[in-house]
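Both complexes shown next keep chain A, but they swap its partner, so chain B is in the first and chain C is in the second.
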Partner chain A sequence: MAQVRLEGVSKSFGDIEAVSDVDLTVEDGEFFVLLGPSGCGKTTTLRMIAGLERPSEGTIYFDDADVTDDEPAERDISMVFQNYALYPHKTVRENLAFPLSLSRRDYSSEEIDSETERVAELLEITDQLDKHPKNLSGGQQQRVALGRAMIREPMAFLMDEPLSNLDAKLRIQMRSELKRLHRKLGVTTVYVTHDQTEAMSLADRICVLNDGRVQQVGTPHEVFSRPRNTWIAGFIGDPPMNFLHGLLERSDGEVFVAGDAFRYRVPPDVVEELDAREVAEDVTLGIRPRDLEVVEDPGQDTFPATVLTVEPTGERSILTAEVDGREIKIETEPREFMGMQGETISVHPQKTYYYDEADQLATVSSAEGDVVEAVEVTDKHVEEVRKDGDT
Partner chain B sequence: MSTERLESLAKRFGFHFLENPRQILVVLGIGLVLLWILLPVYWTLAISMRTTEEIFGSPDLLLNPASLNFENYRILWPVEDQQVANFSRFIVNSAIIATLNAVLTTVLAVPAAYAFRLGVGYSKHIFFWILTNRMAPPAAFLLPMFLLTSELNIIGTHWGLAIVYLIFNLPLAIWLVYGIIKAIPEEIDEAVYVDGGNDFTVLKEVIVPLSKPGIAVSFLLVWLFAWNHYAFTLMLSDDSTMTITQGIAQFFTTVGTSWNLMAAGTMLSMLPGLVLAAIVQKHIVTGLTFGAVKA
Partner chain C sequence: MSETRIYDGEKYLVPSVIAFIVFGIVPVVLVIRTSFMYWEAFAATGPRFIGLDNFEQLMNSAQYMSATGRTLLFVGVSLVIQMGLGLAIALLLDREFRGDSVVRTLLVLPLTIPPISVGANWLLLLRTDTGLVPKMLSNFGITFQIGENTLDAWVAIFLMDAWHWTPLIALIFLAGLTSVPPSLIESARIDGANRWEIFWHVQLPQLKTVGVVALLIRMMDLFRSFDDVWMLTSGGPGEDTMLLNLEIVRIMTQQTRYGIGAALSLFALYLIIILSWGLVNMLHREVLE
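After this line comes the complex of A and B, so read on.
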């Protein structure tokens, strides 16, 4: 097990820079998720950690050893591929035993047998040991791929979208199993996914990547509750966060964000924060659909919206409405809103995010629960969970 | 044959003549192709079982089972050394040369094809250049090869011919095997690297086992090319290493041609190839790579 550290790592393919200047530290024993849309450089980053790609620039360390120029075999890592990449001509048993047979440590055949059995038991594939991969279901192939990675005690597990080929039900099941395995084994894990739910539920910390650049690194809660820029805010959360552009206006000691067709009074604690940060007058107001409430009476804390569509999904309804020429989404309880298409309603944001001209998060209104405190609680929680896993 | 009989027979083979007239054309086409391929073989067989008089008389199209005559084969396969032509030795010579060449070709072609898949420096250009070896007719290499093999003192040996045949067999085998290897997903290579292996481990543990069917086909083709080759053997073999192709050509002389012996020799020369094809066919099991990587 090791800490994995990337310093100023970049990778170009021809003229295209897939990864630019990434600095990351994955702590020993941590479950670290690289999250981003396709083409964001997350897989390339993982492949550089594995040694399957060589960085164009920068250095990769395992603990304090520079492994930048080491071959994958020298790095002592194991990897689960998106397509599993099982050896089709080998049985499950041979697939599992293969890393041991290549290991620099000489394993006796008894040791190899007992290790294979141990891993097969752990993953509940003992019945499948003499089958070939093509005779296994997707979920079983997945387990074999995991088993092949787990049979050694590597410096780190690297996983490239390992659940993306499974059906939805199995994916959720394997997700909790992965979490259980990680707690049990405590091996540093770097996990690549484009699925934010997967990232949120598995990660100790998430690194959000876009266009080959690190956007934000933090616990799932931090990334969700304090997205550093509008891109992350729009990427994390479903439906995505709504954004409204406006100018800060001051009158009678109050501060408003005003667009062409709305004027929203900024809560006082936010004003303090905005002033402290000397935010210029151009701001972007971010509101998550679930933080929007449809209210009876228009007021200074609300703005008008024209309903475009209503999509009931059972547990909730998603309203699409127009505010100031932009579409926004509003999440409501189905019984809360019985309105009509084309109707103008008043919406009240319960929690608002403020982004400055440079697209950086200036502050978050703390009307509903103190965000800063919540983050600390989450970190402590993670620590406790990890301690539980150790004992 | 009655129409019903024909119809039921046709149905058994999946043809529905009367329902689908297009099938008639298909069957006719297949029949023509079979005739094209098999008639000469049959005719050679027929000649090989007849005497010279019968051949130049007015032979029946069909062989008469009562007058089958293996005399020609007996002459070719004599006991002791009193022979017209020692075909047993020719066959052994040809088999040694073809097998040596096929083994050499395969041993060189598989790692070469793998290296091209790895994309080792300038491999694109070298890959194409290799193919250019086949662009000239083999006879173009005759003279240089004669000089080369005599300089190297391997002229008239089995090794000499086995090595010379690499000129045209190696490019063919590399291209064939490359086609197979290319289809193996590179993720499997990467799995080997991550599991602690290097390029040689990949070659041994993944490439060779997974491309066995392709390698077998390539081995068979290369072997047949070497077996059938004639021009080089004329210049590069001596009495002790004379091949079967030369043995057959012996009957074509200035004095006259022994068509029946030639036909018998030709029939004999077909047998080893058929046997080898039958053996190799068992290994040509496709679908091994299915399930390796989920599509």
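After this line comes the complex of A and C, so read on.
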């Protein structure tokens, strides 16, 4: 096991810069997730860590050893590919045993057999050992791929969207299985995904990438509750965060954010922070749909919003409404707002995020601990679905 | 306006069906009929049916069975050389390098030359009196005489055919290698496999199907070889490189013994059918597995 460190790593393919100046440290034993939209350079970053791609610039360290120019085999890592990359002509047993049977490792055939059995048991695929990969379900194939990665004790596991080919239910089940295996083995893991729920539920820490650049590194809670710029804020959370542009107005010791059609009184704790950071006039106000509450009476801490559509989704309804010429989403109880299209309502944000002119997070209003709750819900949800899947 | 019929195309097939019957079926039927006849152009008696006598005669003929043996030798050795060399070339070309497309294009060129020209060129190159190769070899004290030395004649035939057709095998294997998912190879590299282990455990098993196809195509074609060998050695020295096809042509055109010639042609056909059938079966098992 090892710490993995990238220093100033860039990668260009011709004119395209796929990864730009990435600095990262993955701690020993950590479950580290690279998260970002399609084409942001996640796979390229992972492949550079694996040694399948050579960085155009920068250095990669495993612990304190510079491995930038090492071949993949010399790095002693194992990788799970998105398409699993199982050898179609080999049985499951042969696939699992493959890394140990190579000439660079001295394993006796008894050792190989017992290791294969051990991994097969760990992943509950003992029954499948003599089948060929194409006769396995997606979930079973995925376990074989994991097993082949785990049969050695590598410095690090690298995984490129290993769950993306599974159906939703199996994905959630395998997610918690991965987490369990990681707790058990404690091997440094770098995991690539574009699925934020997956990232949130698996990661010790998340690195959010966009356009080949690191946007933010932090625990799932940090990234969710203090997204450093509006791009991250809009990327993490579903439905995405709403943004309203306004100017700061000060009167009688109170501070307002004012747009053309709203004037919102900033909570006192935020005012202090905004002053302390000397935030200029222009601000972007961020509010998550789940933090918006529809209230009876308009007031200084509400916005007027015109309801455009109501989408009931069972547990909750999503209202799309217009504020100050922009569309916003509001999550509400389902029964509240049927048939309200076209009406103007008052919404009260329970929690607000403030971004300055340079698109940096200035402060977040303190509100009910809904974020922590959100993460816990995700985890509980995973456990529940897992139980469902087991029975 | 009349209703559009989906099967309107049928009538356009009529000319080619007629052509197929006239040029495909009829000759075969005629050959089969002839093979049961005693029929020699200059014989005292005219053509008459003799049942399986022709076949009996050729099975008992040392001359025809040697020709069969030579053909099997020619096909077998050529297949080994060409499959091995073709795979090696494919492995060498299965990477990006400067001018890779030029090399691949050059590789196709021999395939475009008709066998008769290939034979003529190799003859000019290898002729004992004026050929470039024997002259150069003689500088090293080596005599190379395709007209006198049996081994030299065989070497010449194998080289000529390999030169002409190995590129085809190489191209087929190259296509096969290109279709091996890169992640399989990358995964093996990460797991610590060396170049040989990657080839043996990952690439080669994926080449089985195309390999059998290449083998099948090449085998059938090798059995059909005539013009280039005829041009190069004409079956000599003596009869040492006399393949079945050369023998058949000699029987039919020089000796004008049509009955036995037809029987020998059919015998060659059965041989190809049986061997191909074995390979096709292998292919089916491969695909079904």
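Going forward, the second predicted complex is superposed on the first by the 362 of 391 C-alpha atoms of A that agree within 3 Å, B and C clash if a C-alpha of one lies under 4 Å from a C-alpha of the other, contacts with A are read in each partner's own complex, and residues count from 1 in each chain.
By definition in this document, a residue touches a chain if its C-beta (ideal position, glycine included) is under 8 Å from a C-beta of that chain, and two chains touch if they have at least 3 such contacts.
Predicted model, so just to flag it, every value in this text is computed and none were measured.
Engineer: Once the two structures are overlaid on chain A, check if chain B and chain C clash or fit side by side.
Structural biologist: clash
Engineer: With both complexes overlaid on chain A, does A:Thr45 touch chain B (first), chain C (second), both or neither?
Structural biologist: The answer is neither, since A:Thr45 touches no partner chain.
Engineer: Which partner chains sit in contact with A:Asn165 here, chain B, chain C, both or neither? Use first/second/both/neither.
Structural biologist: first
Engineer: Between chain B and chain C, point out the one touching more chain A residues.
Structural biologist: B
Engineer: I'd like to know which partner A:Phe98 touches here: chain B for first, chain C for second, both or neither.
Structural biologist: In the superposition, A:Phe98 touches chain B and chain C alike.
Engineer: So in the superposed three-chain picture, is A:Gly138 touching just chain B, just chain C, both, or none of them (first/second/both/neither)?
Structural biologist: First partner only, chain B.
Engineer: So, does A:Pro72 touch the first partner chain B, the second partner chain C, both, or neither?
Structural biologist: After superposing on A, A:Pro72 lies in contact with both chain B and chain C.
Engineer: For A:Thr352, using the defined touch cut-off, is the partner it touches chain B, chain C, both, or neither? Pick first, second, both or neither.
Structural biologist: A:Thr352: touches no partner chain.
Engineer: Quick check on the output: what are the common chain A residues between the chain B footprint and the chain C footprint?
Structural biologist: Touching chain B in the first complex and chain C in the second, residues 50-52, 71-73, 77-79, 81, 83, 85, 87-89, 98-99, 102-104, 148 of chain A appear in both lists.
Engineer: Considering the complex alone, what residue numbers of chain A touch chain C?
Structural biologist: Contacts found on chain A: 50-52, 71-73, 77-79, 81-83, 85, 87-90, 98-99, 102-105, 148, 152.
Engineer: Which of the residues in chain B end up touching chain A in this complex?
Structural biologist: Against chain A, chain B makes touches at 185, 187-188, 190-198, 201, 205-206, 209-210, 288-295.
Engineer: Under the stated contact criterion, what part of chain A meets chain B in this complex?
Structural biologist: Listed in rising order, the residues of chain A that touch chain B are 50-52, 71-73, 76-79, 81, 83-89, 98-99, 102-104, 132-136, 138, 141, 148, 158, 165.
Engineer: If you look only at chain C, which of its residues touch chain A in the complex?
Structural biologist: Where chain C meets chain A, its residues are 181, 183-184, 186-194, 197, 201-202, 205-206, 208.
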